[in-house]
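Letters are used for the chains, namely A, B and C, taken in the order the chains are written, and counting of residues starts over at 1 for each.
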Amino acid sequence: MALLEVNNLCISFGGLRAVDDFNLSIEKGELYGLIGPNGAGKTTVFNLLTGVYKPNEGIIRLEGQDITRKSTIEINHAGIARTFQNIRLFKNMSVMDNVKVGLNERFKYSTLEGILHLGKYSKVEKEMDAEAEKLLKVFDLDKEKDILASNLPYGKQRKLEIARAMATNPKLLLLDEPAAGMNPNETKELMDTIALVRREFDMTILLIEHDMKLVSGICEKLTVLNFGRVLCQGETKAVLSDPEVIKAYLGE
Amino acid sequence: MSSFLTYLISGLSLGSIYAIIALGYTMVYGIAKMLNFAHGDFIMVGCYIIFTVSGALSGNSIVGILVAIVLCTLLGITTEFVAYRPLRGAASPLAVLITAIGVSYFLENLALLIFGADIKSFTSVIKWEGLTFAGGDLRIQGVTIVTIAISVIVLIVLQLFIKKTRQGQAMLAVAEDKGAAALMGINVNKTIMLTFAIGSALAAIAGALLCSAYPSLSPYTGAMPGIKAFVAAVLGGIGSIPGAMIGGLVLGIVEILSKTYISSQLSDAIVFGILVVVLLVKPTGILGKKIQEKV
Amino acid sequence: MKLTMNKKTKDNLITYGIVVVAFAVFQLLAVTGNLSSHMKGLLVPMTYYAVIAVALNLCVGILGELSIGHCGFMCIGAFTSAFFSKVTEESLPTAPRFILAFVIGIAFAALFGFLIGIPVLRLKGDYLAIVTLAFGEIIKNVINAFYIGVDSKGVHFSLKNAMELGMEPDGQLIVNGAMGITGTPHNSSFTVGIIVLLLALFVVQNLVNSRDGRAIMAVRDNYIAAEATGINVTRYKMMAFIISAAIAGAAGVLFSHNITTLTASSQYFGYNASIMILVYVVLGGIGNIRGSVIAACILYLLPELLRGFNTYRMLIYSIVLIVMMIYSWSPKVLEWRKRTLGNINFPWKKQRA
């Protein structure tokens, strides 16, 4: 059984079919790329997968469980975490607290215990701190743990967003243009980070990308979207040499 | 029956005043995307100017109104330039709202310092007695007729201005998308300034009418009508000019009728209750349109 | 107890310390006869304004939603507790009655926080602010129309006038419309006020340093990201709003048990009063709980201490409010500050939650 199984997904805005008959199947452990020109509907697919938009038609299954009409929150609890094209951090909170928000649903004590700092509070907080520090170390953010997220350099903000997503212990990680706005050095570092996440957490990843080099370098499989429809799907090499894809990307 | 008609007409008159104030609110909200909490206080400033100038000129209220319109326009432009423009594009949407509250506080307390807290009795700027119908059973005051007439004229002129002039079209463009408007060569700052100028001039007119109908003037005269006019603007659909008109009239009628037939204590609660219900049932108001945040 | 104290814990202790020291100083002044009776009369109001400032900062600074109707919750706490104290004045001893009055005032304010929160928290920004104002005014107006009396047959209620109640001759009119409640026992004292303030600080500061507090701030900073991180946005918004309303209710209990005639007047419960609290919060630093307490106390006492200042105080506050907003939020000013001041870390910056 595939980890993520998407069948016949459709959504229209007004009269426009933003995503039409979209199918996708991702196996556990895969690093899967979703590419396509601007406005092809890539982020819309992410928003459908994470419950931000509800599809007009189609079914989304995570480990066989139907999550199609679930809320964003339920989908996260079911095991999908994501990052955003335009970074969305909790800017006025520390790096550490950003990650601890990600841990919020996994380490629990009651509101009353929280307000009184009694009961399980100290024990659970310590566990959270340990877990958060572990994650920050993996992403090489442990030295910055006490500074505000907004004061991090751009590349590290991207990393923190991934670290926060990983803190929710997802089965599937969605990365929305992680290399957007990065210079070649930062992009290189990001590729290492993604490789690290796979290795360290044995993570299944679906990523949207513009940067062809990044995609061809790390993704095993690709889906190419154009005008909301799947243009081509399969092994990276085969997809990139497909004449239709070359046409869509480079023109005739 | 004729007493009901009288109340209905006085509701229409109050509603027309709300409508003129609401026009200012709705234009500023629609175009600059900010709640100018101080808008009601511009009305109060206008009233004090008319009061002072007319007093100095032994009752020549026409000059008073003209001076008030000019000074309120300047006040609107200055406020926008000094207090609101620096906060355009601020990371927190609360910043400009708190600043507007600050401006409101500033104007009220400045008036308090200059004119004192005692209530001034305002001489109506409309001297016309009005009309009598049904053999004296139904009398409509001059100020009522003039108020309703002026609000209709203002509405028509504004609609024409927006539809037919370059500046009006620029306002629509800025309301739709500031960035795109700037790329099309529209001077966004100037357009927003013009919006404030028009809104503030309308506030002066509304002030003259408000204080003619309810002739007591204090530093807090404008605050409540200002907030209620915002309710009217929301009711009609924020950003919509005909909406502000409809919202104002509905609100004025509801207020007067509930004061008469339900309870004078509860009429304000009913007016604010309308705001709550509208925002829950149809947050875009009667004539507004929907905007969704992009993810 | 650990020797190496958490930085946040240390910060919290400093806040409690400041309150306790201020309490000791004022008590010392009072005991040695250095406090005029006028000043003594200001101490309890100072504490309830500090309490409601803490409550409002939870809403504005931590939850990130501007409320300009918080005095409405204070009003609910004041009236429900005063009603209870009036009715049970004969039958209950002072201490348990006053404690129960707090429980009732806080519970009702929290209940209304919940009921009002349902519609309000679905809105955002300006709309949310104006609807809190609307609810504040509605509460005030409705309470002004209440007539409630108690006689041997039970409780009577009317929205018209006292005659409508149809009470027996021995009945007692408790809430008399716009005349409010007269003769609530004077149980509030400076000491009680300080205890309530310390408890309010304890609740808010501990909340901020708990998982719920982090979730609330996450919602404030970016609700879309919070949802994608599995945070139940509605739940946490509601939690913060209810706790904030409850604390405002506690301020109301202090208020009503410190005043002879309690009326739902605009002076105390209207939106202008709520804006005054907002001034305390903004000048103390949005999100800075300690700052709110200090600002509330200083800004409340200042006009009383400086003769002549009273006339200009509101004018000055309003200018400071505008200048502070522009200084800390204007994109151009921020850019200029970055260029000229560099990355100087001001000590008060760290406090921001």
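Keep in mind that, in the parts below, a residue touches a chain if its C-beta (ideal position, glycine included) is under 8 Å from a C-beta of that chain, and two chains touch if they have at least 3 such contacts.
All values reported here derive from a predicted model rather than from experimental measurement.
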Measuring between Cα centroids, what's the chain most distant from subunit B?
A
May I ask which two chains are joined by the most contacting C-beta pairs?
B-C
What's the distance between the Cα centroids of subunit A and subunit C, rounded to whole Å?
41
Can you work out the whole-Å distance between the CA centroids of subunit B and subunit C?
31
Rounded Å distance, subunit A centre to subunit B centre (Cα mean)
48
Can you list every residue of subunit A that touches 2 or more other chains, as numbers and ranges?
52, 84
Note: subunit C residues in touch with at least two other chains are 224
Residues in subunit B with touches to at least two other chains are numbered 295
Contact residues on subunit C for subunit A in the complex?
203, 206-207, 209-215, 217-218, 220-222, 224-233, 239, 287, 352-353
Which subunit B residues qualify as touching subunit C in the complex?
29, 34-35, 83, 86-99, 101-103, 105-106, 108-110, 112-113, 223, 227, 230-231, 234, 263, 265-266, 268-269, 272-273, 275-276, 279-280, 283, 293, 295
Subunit A - residues contacting subunit C, complex:
50, 52, 71-73, 76-77, 81-82, 84, 88-93, 97, 100-102, 104-105, 107-109, 111, 113-117, 121, 124-125, 128, 164-165, 167-168
Residues of subunit C touching subunit B in their complex?
60, 64, 66, 68, 119, 122-123, 125-127, 129-131, 133-135, 137-138, 141-142, 144-145, 159-160, 177-178, 224, 271-272, 275, 278-279, 282, 286, 311-312, 314-315, 317-319, 321-322, 325-326, 328-333
